[in-house]
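One structure below.
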């Protein structure tokens, strides 16, 4: 492939095996990136692993905004990758903002809860507060489809998306925003998320002759050279590992 | 294929021949899974067999919510698989909640009837009551298209879906939610069900050279490794049997 | 192909040559089936032949609800298959409910006329009356697209469809409901009829190298095993004859 | 191909060379047929030739309803096929009902003019009058897209279509109704015309390797056997001639 | 190819090299034709060349209605084909009606300006006046997408299209109306323009193996035989030249 | 390929290596061009490089309107191509109009800020002022999707697009307007931008066998001959370089 490597900009390594070398060392600091893929393609795994590595490898605290999952299930899921989120939370290195329970109307005993899940500004305010609390440097917003709940028109949706990504950036967070994809040729649910973020990481899980296999692509990354190849990856008890030397054909 | 096998999480086996070994021993406890497929692909068979096995093999009582079928027909259909639902009901191991007759306006003599089929909360309340009654551990909601009846917008639909799946989870049920599919590349009717459930089991019934054949895939399963293969299965007088060793090409 | 054959459920044979053996001896009693296909694929022929055979072979009177055709033309068309509907009507073995003339505003001298073609309940009431009159056991509703006329939303349409199929079932009729199809990969006009009926019989009339040829498939049949093959059939002066031993490729 | 030939029903020959033998001798009397095809596929030519032959070969007067063309242009166009419509009109064997000029707001000196082109009933009344005047047996309505002008919803459109076709039938006309098609796999503009007419004649004009060629198919014909082949045809100074013995591949 | 050649109708030659022989000598007098194609396919070039040739070769003055371009740019563009429109205008042989500047709200010093670009009737009135002024015989309306601006519904759009084409015809102009196309299998922007005009000239500019090449087809021409082939053409400093002997494959 | 080369019109060279020779020396003066492509295809890079070259190679000041990005990020991104925008700004050779911050509601310390990002006329007025200030000759509007924010209907959108492109032209700017594309066969987001601009430059970034590669095409250029080939290009620390001699196949 032979791309030239990273630029001089400050890099935030994901610490995900085989990934950072695809994009010159990591993400650009204080920018918001899209992580998009089908259901089960690994968006949450990738994103939370980025937060987890942030804490354990780079001592950067992180915020995880969960819009449509139960934080308890997430903690349990991550255990199967040998990541202990609870521990990070207890050391104030990770905060999980539960944005689901209010929406669904189910009682919760989470520490960080979003009370009004249908108001964009209250969510952002909550993130700012938590950032102050734990000194977060990284953020994951999983998933941005929830922005559809706070937007009545396509225009509003786009502005809310911009607002989210620009605010996280402005307050000094390097963020991953996940997006649901329905079709292998698209990059996002609303067909605009890839245009208003600083970069797009695309996860695939395509069927070929009765078997699914996973691959990942740095589709776009403003201000940085990166690999043009689609690379196979694996999810195992070690979480995600990218195999940058192998080829993918589909 | 060689996936690593199940994680340590507590498993709820479906007892369906050849299926549990595809996903490390069964479903994760107290979670909601999507079972999706075309008309006639076997969603109801799979789901009810899961309930039936729950009772006869694992002594776990179950609830079957039927939104658009006549419970009497279901009992008769299951007889052709040598499953006697009536008997399970008489022993208070199975409750069939008839959510159709009120909707359609036809008199019914079912024991469990949903009186207001157009109110999400009343349905959930009814399920909670029945759960208490019979000590259910498993639940099947067949089919979730009926959520469209209680939702005026896409947003509401998504929130109702979340509400259903989160509530079943919260009250301690391990559930299957069926979803109708129209196209072999899609996973659900509303293109969002696979994103808001903990896993997706996809049933196929594709035509090839003038013959249809059945296959099944664990498409997504949060917190668990699983087979990446699409496996052939059969429906016969023994119900569903999956053949995990054979290959499917389409 | 080698499917196991019929279950123990009571069967209603269509008497259509080569068809009943595809599905273990016939339809399940007191259930509603979809017959779907393109224009000219043979839906009306199949359905009326089912009624005709009902009378002459099994002494089961039948009701034919015609929503968008002139009963006089239907009688003439059936003559070309050597079926004399008039005679059956005169012996009170067949009733044709003219649901078109009121809709179109043209005078009619039919015996059974639907006065308000835009009210679902009045139609059902009319069918119940006729059933009493002639002791009908079989019913054909041709075509269900007319349900669109009495439904303002997708939800209403679905409920009306359920209502129609459940009511016919409840009053003791074994019924065929026809549905218009536009595309060879779809099963119905509104993409939901196949989900809310007990089975789907799909008629094809596909073009291949400048010639059309006919084929038929039992796509779905709850509670019964059936052939998985798509079988060629013919329409001739003997009406429809299915050729279950031949193959179809498209 | 070897279809069995015509039924006993009374036939109305089109007199178009090579066509009547495709469908057992012609159209069934007093029924309405769809003639559909792309722009320039020959719908108007076919239909007017049917009227012209009606007069000169079978002494059956005809009515031509023109909804979106200038009658003067039509007369001139037909001259290029050596058909002299003016002469037929002068002998009261043909009436052209100008339904365009009122719609467009341009003065006209046509004998038969539709004054209110946005009212379905006034059009039908006008046709009935003309039928009385000249004793018409045949009718052409070119094109039915104009029914969209008098219909606010899909339902209304379908009912208007039914009304048109049933009324023409009821007053004793054998009719051709033209329909615009956009895609080679469709049969009509509104995807329902082929279902509510007694038959469909489909004209194709497909591109293959940089050349267009014409072909015709009797796609549907209730009450009659017909050829299942798609047959090439030609338009020349003799009008349309079908070549029933040749093959078409596309 | 061997089509029989032109009919006896009076012809208006375009004077475009290689084109008139495709359709028996030219357009039929006093009729309106569609010229459709993708952006940059040559619609404006073809149409203006038709006007230019009208003046310099056949002494027929012409009107050019420009709805979304700056007349000054058009004059400059045409110079690159060695056509001097200014000169024709100065001799009152060509009138350019500027229908853009009012729409866009930019001052103009054009002689012929449309003051109310959102009123169909005022546009037609303006054309009639100009026709009187310069004795025009030819007209180009570039482009008809602007009719969308004066039409609120599909019905209105179609009637406005008919009105435009019928009025130009009625006042004695032989006209080209341009239409934007998005897809190689379509013929117009609104999927109806080809049905309500007397003929359709289709320009293609398709990509094949990394190169675009141009071709042209007489897709429809009422009242006239014409070539059935798609012919390559070129745009150069001599404007458009059609190569009727060569083949196109796509 | 062998196109004839440029016309006599005055040219504005982009200075992008390998590009100007594709279109006879550059853009036509005082016209507006579309630059369209997928996310990450290089639209912003191409456009800003055009502005940068304008200053450093041709001493033509430029305006960059940024609708959905942070100017600070853009300056940093361009550094990775060794372009120092800040320096150009300090010498009043480049003005960046920040149209994002007001929209998103984030404080900014940019010199040029658009206060009302939802009013087309205020934006145009702002551009006119800046043009006066710095004597700009070139302009980039990135991206035109933002016009969707100021347009309620398709008609308004089209008129706003025309207004933007015609105004920039009228005040003496040679401009690039970027447009987001979702599908390799389309040219713009709203399927009309390519019709109302003077030319279209299309950037591709297509996947082939697991690798993406970049290519560029002059798709349309009114008033000028240009290459018909799709040419590969590269983005590196030198910015964009087009390779006009190589071939592309997709």
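Brief remarks on what is shown
Letters A, B, C, D, E and F mark the chains as written, and numbering starts fresh at 1 in each.
Everything that follows uses one rule, which is that a contact is a pair of C-beta atoms (placed from the backbone, for glycine too) under 8 Å apart; a residue touches a chain by one contact, two chains touch by 3 or more.
Keep in mind that what you see is a predicted model, and the values were worked out from it rather than measured.
In summary, the chains found to touch both chain B and chain D are C.
Between the two copies, chain A and chain C, the C-alpha superposition involves a rotation of 120 degrees in steps of 5. Between the CA-based centres of chain A and chain D the separation comes to 61 Å, rounded to the whole angstrom. Centroid to centroid, with C-alpha atoms defining each point, chain D and chain E lie 30 Å apart. Multi-chain contact residues of chain A (touching two or more other chains): none found. If touching chains are joined by edges, the resulting network of the protein chains shown is one closed cycle, each chain touching exactly two neighbours. A single ring links the chains, and its order as traced from chain A towards chain B is A, B, C, D, E, F.
On the chain B side of its complex with chain A, the touching residues are 1, 4, 7-9, 28, 31, 154-155, 158-159, 162-163, 166-167, 169-170, 185-187, 191-192, 194-196, 198-200, 215, 217, 219-225, 228-230, 247-250. Chain B contributes residues 39-40, 44, 68, 70, 73, 76-77, 79-80, 100, 103-106, 143, 145, 148-149, 180, 182-183, 207, 209-213, 235-237 to its touches with chain C in the complex.
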